[in-house]
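You will see two complexes here that share chain A, one where it goes with chain B and one where it goes with chain C.
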Partner chain A sequence: METTAMHIANGIVDGPVSAVFAVLAVAALAFCVRKARNDLDERLAPMAGLVAAFIFAVQMLNFQVLPGVSGHLLGGTLAVILVGPWVGALCVSTVLIVQCLLFADGGLTALGLNITNMALLGTAAGYLLVAGLLRVLPRNARGLAATAFIASVVSVVVASQGFVLEYALGGTTELSLPWVSGTLAGVHALIGIGEGLIAATTVATVARVRPDLVYALRRFRQPIVVGTKVNA
Partner chain B sequence: MTRRLGWFLAGGLLVALLLAGVVSNFASSSPDGLDATAREGCTFNAEGEITGGTCIAQQEGSHQLADSPLADYGIRGIENSFLSTALAGAAGVLITFGIGAGLFRVARRRKQDA
Partner chain C sequence: MGAGHAVLHLDRVSPVHRLAPEVKIAAVLLFTIIVVVTPRTEFWAFGGYAVLLAVVAVVARVPALWLARRATIELPFVLLAVALPFAGQGERVDWLGLSLSVDGLHGAWNIFAKGTLGVLASLLLAATTTMRDLILGLDRLRCPTVFTQIATFMLRYLDVLADDARRMRIARLARGYDPRFLWQVKAFAVSVGALFLRAYERGERVYLAMVSRGYAGRLPHDEAARAPVGQWMAAAVLPIATGGIALAAALGS
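And then the complex of A and B:
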């Protein structure tokens, strides 16, 4: 068998549940577009294109985690650190849509499920951890690398549990949910370690070459100002 | 866009092209974590068809776009699998960059117009 399927395929989760998550994904992405507009400046817009292209490339690089089992980067945490949560979620979604429509990877019916897990849940978990960790870790290449590693491991496991939720709601085979959840969490912890190493290397490299292009260094440390923004 | 940013983008894109076009040929071909879990509990023949048991993958349907010229990260019609993966990967990187950069540029313009 030589197929390179990497995401949820058609038929694994039934039609109604897939449709519900597709609607959810579209609504969440529309919200991300609104929020992303505040972030997009002349540096971030082309950088976001590069982050999407880079995630596409690295998702092709499956690495062995167990005998007969591989894994690949999902990219949520990497995107959050480089371009922020809103643009980051859109970057990962762009990759998933291109993979689904052009490369027949991840079912068309399952696109909403895949976006929910990898672009929304994975990115949200990565964002919460990155924002928290950068309050305590040093704001340099090393601190950023450690942040990327820890956040990646957690984010990948969270994304895998998104599938468990979808499978619980619309799974079409009778299998024990705790077994599915535990098996996926275990293997994705290992995948997360691989993703963490890739993400840490990448963000540390960008932080050394062009620290001004790293969203997490520019934005996350600023105190949050509430109520002073004039509506445009 | 400044010239320095242009160089950074060009460098980043080159790295992505090398990863998708060259390194991807050395990637593991084992099923990934999700796929492997989905296959657990079933037995498979040499063609990868399910021969028995109970597993998530039993319900897997075919992809609506399985006949896409780039399906499964290869270019249909190119026999050499190294070349096929390399070209499909490079095309994917450029297409993703083009769509991503284009969409984000439009989103940014809209903001300025508002």
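And then the complex of A and C:
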């Protein structure tokens, strides 16, 4: 596996800022763990594992966007649609932790930064968009695919801007921030389109065959009324 | 465990392999933290850290070439580091007719040194610990069960995904499908949703079978099998030596 994926490494952002974001990430994840406990039933537990494995697999697909700059899919939006925001954030963080420990991808002290960007900012943006868009778009496979596409593009760009914020606060060298921000946004808009296509096809198939598995559609489900009176 | 699992694990017999996983995770974490907080101008301290890692690698019987090849994962960030002396701002120096930024040079060194040391430490951990043991270690370090549960299923499903992808590819080939690169991409895009569903349904059956056999969120393991104090002491040598070097560097300057 000679991938060139790399999350934020050790030493890119200085110690104090890394520590602040690590505390932030731990606090947010603790909140997610509490919220996720209600969600994690016999249907969602294997789904969460599969979503994590899927994200793990797609994060290995690297897009060589510009020479020397490659990016990969994040999968936050897919997770949000299939397992909800709380478990979704946990899925993405699990992937990041395992990649950091087992594949040396991303620095151990930068884990808080990486989790904040990809698992918290990315999924939060994705979730807000999904929740909003599903109010206006048709709640069928096609509408869900469109939602997944739009939310993916935006959430990936938002996650990339999280790095710009962290770099502005604790970057170890002076770089012109508008330049970094613009490059990252451009690169990640392209990545977002790739991610959007994958998320849209996956979600559309699942919604068509097993709509009961789509978390985002749960709220709109009509309860089946048993035993209504039939007037003859 | 399938082939995809053992990518970074080196099956050897060594004192480092025998250490309990939680002990190793704690040692690597402390080592990395000390490396990152070391001021970047303490050049010889970083040399000391590198020597410490080399000693660990020798004790763990991990070949240097193996480490070097896996460490190429860091390359994109090294490329960023190379750009820094040119793109950085502030005071500049002339070197071989090139105008370089001092701040950028220090920044490049900082990223290169800390990044490389961190990658090497993580690689040593991955080489000496299996995935299952790592999850067990995280569990013993009081990592919430939700995480270890998701991670356990994730590792399990990676195999399911890879196997189902292979089956679907063979099925396509058997129907006269011509797998050239661009066509491969198209087939992948079309079948990604189907792959997801097939893997889910296979995994769901496995999960329900586990639940009906008494699985309640944790794989069974020996509660009493905690790492003995001796192992903690042995693993503590690395962060203590690292701390010593950092302290000496801080006092010396």
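Here is the rule we use: the second predicted complex is superposed on the first by the 208 of 232 C-alpha atoms of A that agree within 3 Å, B and C clash if a C-alpha of one lies under 4 Å from a C-alpha of the other, contacts with A are read in each partner's own complex, and residues count from 1 in each chain.
Note that a residue touches a chain if its C-beta (ideal position, glycine included) is under 8 Å from a C-beta of that chain, and two chains touch if they have at least 3 such contacts.
Just so it is clear, the model here is predicted, and its values are computed rather than measured.
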{"item": "Which superposed partner A:I198 touches (first chain B, second chain C, both, neither)", "value": "second"}
{"item": "Chain B versus chain C as contact partner of A:R37, first or second or both or neither", "value": "both"}
{"item": "Which of chain B and chain C A:L50 touches, first, second, both or neither", "value": "both"}
{"item": "Touched partner set for A:R210, first chain B, second chain C, both or neither", "value": "both"}
{"item": "Partner chain(s) touched by A:G15 [first = chain B, second = chain C, both, neither]", "value": "second"}
{"item": "Touched partner set for A:V157, first chain B, second chain C, both or neither", "value": "neither"}
{"item": "Touching partner for A:T94 - first (chain B), second (chain C), both, neither", "value": "both"}
{"item": "Touched partner set for A:L184, first chain B, second chain C, both or neither", "value": "first"}
{"item": "Those residues of chain A which chain B touches in one complex and chain C touches in the other", "value": "1-6, 9-12, 33, 36-37, 40, 42-43, 45-50, 52-54, 56-57, 68-70, 87, 90-91, 94-95, 98, 100-105, 107-109, 172-175, 209-210, 213"}
{"item": "Residue ranges of chain C in contact with chain A within the complex", "value": "7-8, 25, 28-29, 32-33, 35-37, 40, 70-77, 79-80, 83-84, 87-90, 103-104, 106-108, 110-111, 113-115, 117-119, 121-123, 125-126, 131, 134, 138, 144, 146-147, 149-158, 160-161, 189-190, 192-194, 196-197, 199-200, 203-204, 206-208, 211"}
{"item": "Contacting residues of chain A [partner chain B, same complex]", "value": "1-12, 33, 36-38, 40-58, 60-66, 68-72, 87, 90-91, 94-95, 98-105, 107-109, 160, 163, 167, 171-175, 180, 183-184, 187-188, 190-191, 209-210, 213, 232"}
{"item": "Sites on chain B touched by chain A in the complex", "value": "1, 5, 8-9, 12-13, 15-17, 19-20, 23-24, 27-38, 40-41, 44, 47-48, 54-66, 68, 70-73, 88-89, 92-105, 107-108, 110-111, 114"}
{"item": "Chain A - residues contacting chain C, complex", "value": "1-6, 9-12, 15, 18, 30, 33, 36-37, 40, 42-43, 45-50, 52-54, 56-57, 68-70, 87, 90-91, 93-95, 97-98, 100-105, 107-109, 172-176, 197-198, 201-206, 209-210, 213"}
